[in-house]
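Multiple structures follow.
Two complexes follow with chain A in common, the first pairing it with chain B and the second with chain C.
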Partner chain A sequence: MKIAVLSGKGGTGKTFISVNMAAAKGKARYIDCDVEEPNGYLFFKPQEVFSREVTVKIPIVDESMCDGCRICIDFCKFNALALIGNKIRVFEEICHSCGGCLLVCPQKAIREKEKVIGRVEQGLSEGVQVVTGILNIGEASGVPIIDYISNIQWDPMELTFIDCPPGSECIVMESIKDADYCILVAEPTLFGVHNLNMVCELVNLFNKPYGVVINKYLDDQNPAEEFCFEKGIDIIGRIPFDKELGAMNSEGFIVARESDKYRQIFLNLINNVVQGVHHEAAINSQR
Partner chain B sequence: MKIAIPVNDKSMDKGVCPSFGRAPYFLVYDTETKKGDFIDNGAASSQGGAGIKAAQLIVDNGADALITPRCGENAASVIKTGQVRIYRSIEGSIQENIYALQDGRLSVLDEIQAGFHNHGGR
Partner chain C sequence: MKQLLILSGKGGTGKTTVAGAFIRLGQTKAYGDCDVDAPNLHLIMSQDIKSIRKDFYGLDKAVIDQDLCIECDLCRQKCRFSAIEADFGYRVNHYACEGCSLCEFFCPQGAISMKPAPAGELMLYNDNETVFSTARLKMGSGNSGLLVTEVKRQIKESNVAADLAIIDGSPGIGCPVIASITGVDMVLVVAEPSISGISDMERIIRIGEGFQVKMAVCINKYDTNLKNTERIENFCRERDLPLLGRIPFDSQAVWAINNGLSIIDIECRSGHALRTIFEKTMKILFE
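This part shows the complex of A and B:
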């Protein structure tokens, strides 16, 4: 079963929750898809790390064959090409490697070369297999890295946790497309509600079962909780606001490995998710 | 000399548009004939790389100078390779900016903004 953990913005505790769920489970896979700023490995400190490079194809133009017709420039919807002083210039960081310019060039003046845009690392942390996607700074899109990860033939694993990039852009869609369940992490504030609403719309598009975890939960006013009640969204967990927990986490400890009390919180969360998935499956089979 | 300026309105009395790549129009003003043309910026609505496309438009229109409040890295590289000098705009109307350039009162734009590459994934 694959569980994607996402949130509308960074810093809500997405990594905290996915890391600790994987650690609480003991034997699991944790995939960090937040390729611009992966930080789950900082908690897991994986051993025996093995790395593979991810490349994309970038066009190069043979000047002797190019007649400056500009068909490629007009075609490229990312505006990654320009013609200056009779030479085509390729802006490699803007190019999305769609391969289109190559096809439309009437002179066949365009070829492709491989360019490294990042890497995928994998290692072990106790029973957890830690997979980290890393995008090099300045690159246009991390989508090829996520694609690369989902095309790897992974050994079967009971539970896989996907730490998604923040926001609701297409890289997030790419990260959740294989997921069986989505966990939306929200802060109890009004701003948290705005972000939550954004990701709800996204997972609804995909028709995935999902539930909300409210992080830094306080007993008093709680707009995120009210929002879920109004919309009829499952709240599958509330992580209490706890100074000790916050301190341990910010020092890079995995709290679920440090104390049984915390481990239990995340095991409960896993249980709720598994029930949610089965419930959904039951409903679908009745339809 | 031909001067290009990003503008919001087709009027010489209005100010310079704060954005380069996403300006709706460019004024291309010829100091010899004292005539100006407002051209549509096709790049304004593009998803990404608007600066590059807008820069291409400036180069293609044979401008010798560009007056703009800011300019991204990639756009600047197109513009500079196209032998166009980039000047920093001042407060005031487009007309005042043109006079200022002719009087040598505009400074060269030297800080170029790094692009917002992370928005490329859409």
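This part shows the complex of A and C:
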């Protein structure tokens, strides 16, 4: 079963929740899809790490064959090509690797090279297999890295946790497309609710079963909880605001490995998710 | 007009809270929210006037005319984005299509055409004295960098005379962040003393260095982990980055946000700390 952990707003605790759920389970896979700012490995400190490079295809022009006809430039919708002097220049950062320019070139003067944009690291932390996508600094899009991860033939694993990037744009969709269940992490602020609303729309669009975890839960005013009640959204967990827990987490400790009390919180969360998925499956089979 | 951009790398460190406070403190006449994927600044910057709304279009996307399609499969084979689905007749998955138009070029039947596709909306509040530009990316859309550029263009092209513009940025290091940094005069990084916060701060600072833009750092919720606060300060000293101050963790700040206020609007510790940071920022920005 694959469980994606997401939130519209950044900093609500996606990494905290997904890391600790995987650790509480003991034997699980944790995939960090927040390739712009991957952080899960800082907690897991995986051993026996091996790394694979992720590349995209970028055109290169053979100047001896190019006659400056500009057909490639006119074709490129991303404005990644320009004629400067009498040479074609490729702006690699904005190229989308569609391969159009080499196919339209009448002189066959364009071919492609592989350009490294990041890497996927894989290691072990106790029983947890830790997979991390990392985008190189200066690169614009991490989508090819997430594609790369989802195309790897992974060994079967009972539970996989996918730590998603913030927001609701295309890279988040890539991250959740194979998920069986989505956990939306919300924080009890007006900001948190506004962005929670946006991810709710996203998971609804994809027909994914989902539930909300309210992190940094306080007993007073709680806009996130009110929002869930109003919309009839399942709250599958509340993690209390706790200074000790916050301090341990900020140091890079996995709280579920440090104390049984915290471990139990995340085991309960896993139970709620598994029940949610089975419930959904039962409803679907009745249809 | 000098442009100040607030960034953090990690989400949830307090970008919008700092931006909101700065806008009040500087009685700023021009400001914008470039976090188009999860915009929040408008929630604490109440507006008396209505916004002018404008649809934002990204690149045109492919549409297949079912009457002309002979199901030759060429488009599906050529598409690098797996955007052509052939389950029930040939159709384009709009979320996957990046608009390269390769399929249109190759279709032997002329059955494919590129059609405008809304990718979000832009909002502009302008009462001739103050201008506030914000936007919201459509769910699952790419094109966030283009929309960010439009948000900034709306500020620049307004009739409002302002010597200072404050821009709230997005988390991460990818496309929208790169589009946000382009052309600004200074970046203020809001750091958070957790191991994730430090790792993400280092990555965003490397992006800023690539743009050779003025940079400075302040630390939010500094008292949640003093050891890490010192690590951030040492990092900044090593890099010769101006350290503009520490902001304490403050539950009053949460109260302010949940009531649609900036932390400057109420009497609180974090607001006090920000006043000094604001003055120091202005000194660097205008020096």
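Basically, the second predicted complex is superposed on the first by the 287 of 287 C-alpha atoms of A that agree within 3 Å, B and C clash if a C-alpha of one lies under 4 Å from a C-alpha of the other, contacts with A are read in each partner's own complex, and residues count from 1 in each chain.
The definition used in the following text is that a residue touches a chain if its C-beta (ideal position, glycine included) is under 8 Å from a C-beta of that chain, and two chains touch if they have at least 3 such contacts.
Worth saying up front: this structure is predicted, and the values here are computed from it rather than measured.
Participant: Just to be sure I read the superposition right, which of the two partners does A:P144 touch: chain B = first, chain C = second, or both, or neither?
Facilitator: Touch status of A:P144: no partner.
Participant: Is it chain B or chain C that touches the larger share of residues in chain A?
Facilitator: C
Participant: In the overlaid three-chain picture, which partner chain does A:P46 touch, first (chain B) or second (chain C), both, or neither?
Facilitator: A:P46: touches no partner chain.
Participant: Output check: A:L205 vs chain B and chain C. Expected answer is one of first, second, both, neither. What do you get?
Facilitator: Once the two structures are laid over each other on A, A:L205 reaches chain C alone.
Participant: Answer with first, second, both or neither: which of chain B and chain C does A:I84 touch in the superposed model?
Facilitator: Only chain B; A:I84 stays clear of chain C.
Participant: Report for A:G118: first if it touches chain B alone, second if chain C alone, otherwise both or neither.
Facilitator: neither
Participant: A:G276 contacts which: chain B (first), chain C (second), both, neither?
Facilitator: Touch status of A:G276: no partner.
Participant: Touch test for A:I73: chain B only (first), chain C only (second), both, or neither?
Facilitator: In the superposition, A:I73 touches chain B alone.
Participant: Quick check on the superposed pair: does A:H96 touch chain B, chain C, both, or neither? Answer first, second, both or neither.
Facilitator: both
Participant: First (chain B), second (chain C), both or neither: which does A:E169 touch?
Facilitator: both
Participant: Under the contact definition given at the top, report the residues of chain A touching chain B in one complex and chain C in the other.
Facilitator: Of chain A, residues 36, 77-78, 93, 96, 138-142, 169-170 contact chain B in one complex and chain C in the other.
Participant: Touching chain B in the complex: which residues of chain A?
Facilitator: By the definition above, chain A touches chain B via 36, 73, 76-85, 89, 91, 93-94, 96, 138-143, 169-171.
Participant: Flag every residue of chain A that touches chain C in the complex, lowest number first.
Facilitator: On the chain A side, the touching residues are 8-12, 15, 36-37, 39, 42-43, 75, 77-78, 93, 96-100, 103-104, 135, 137-142, 165-170, 172-173, 187-191, 194-195, 198, 201-202, 205, 221, 223, 243, 246-247, 249-252.
Participant: How about chain B: which of its residues touch chain A in the complex?
Facilitator: Against chain A, chain B makes touches at 43, 46-50, 52-53, 55-56, 59, 74, 77-78, 81-82, 115, 117-118, 120-122.
Participant: Can you list the residues on chain C that touch chain A in the complex?
Facilitator: Within the complex, chain C touches chain A at residues 9-13, 16, 37-38, 40, 43, 59-60, 78, 80-81, 95, 98-102, 105-106, 137, 139-142, 144-145, 170-175, 178, 192-197, 199-200, 203, 206-207, 210, 224-225, 227-228, 254-255, 257-258, 260.
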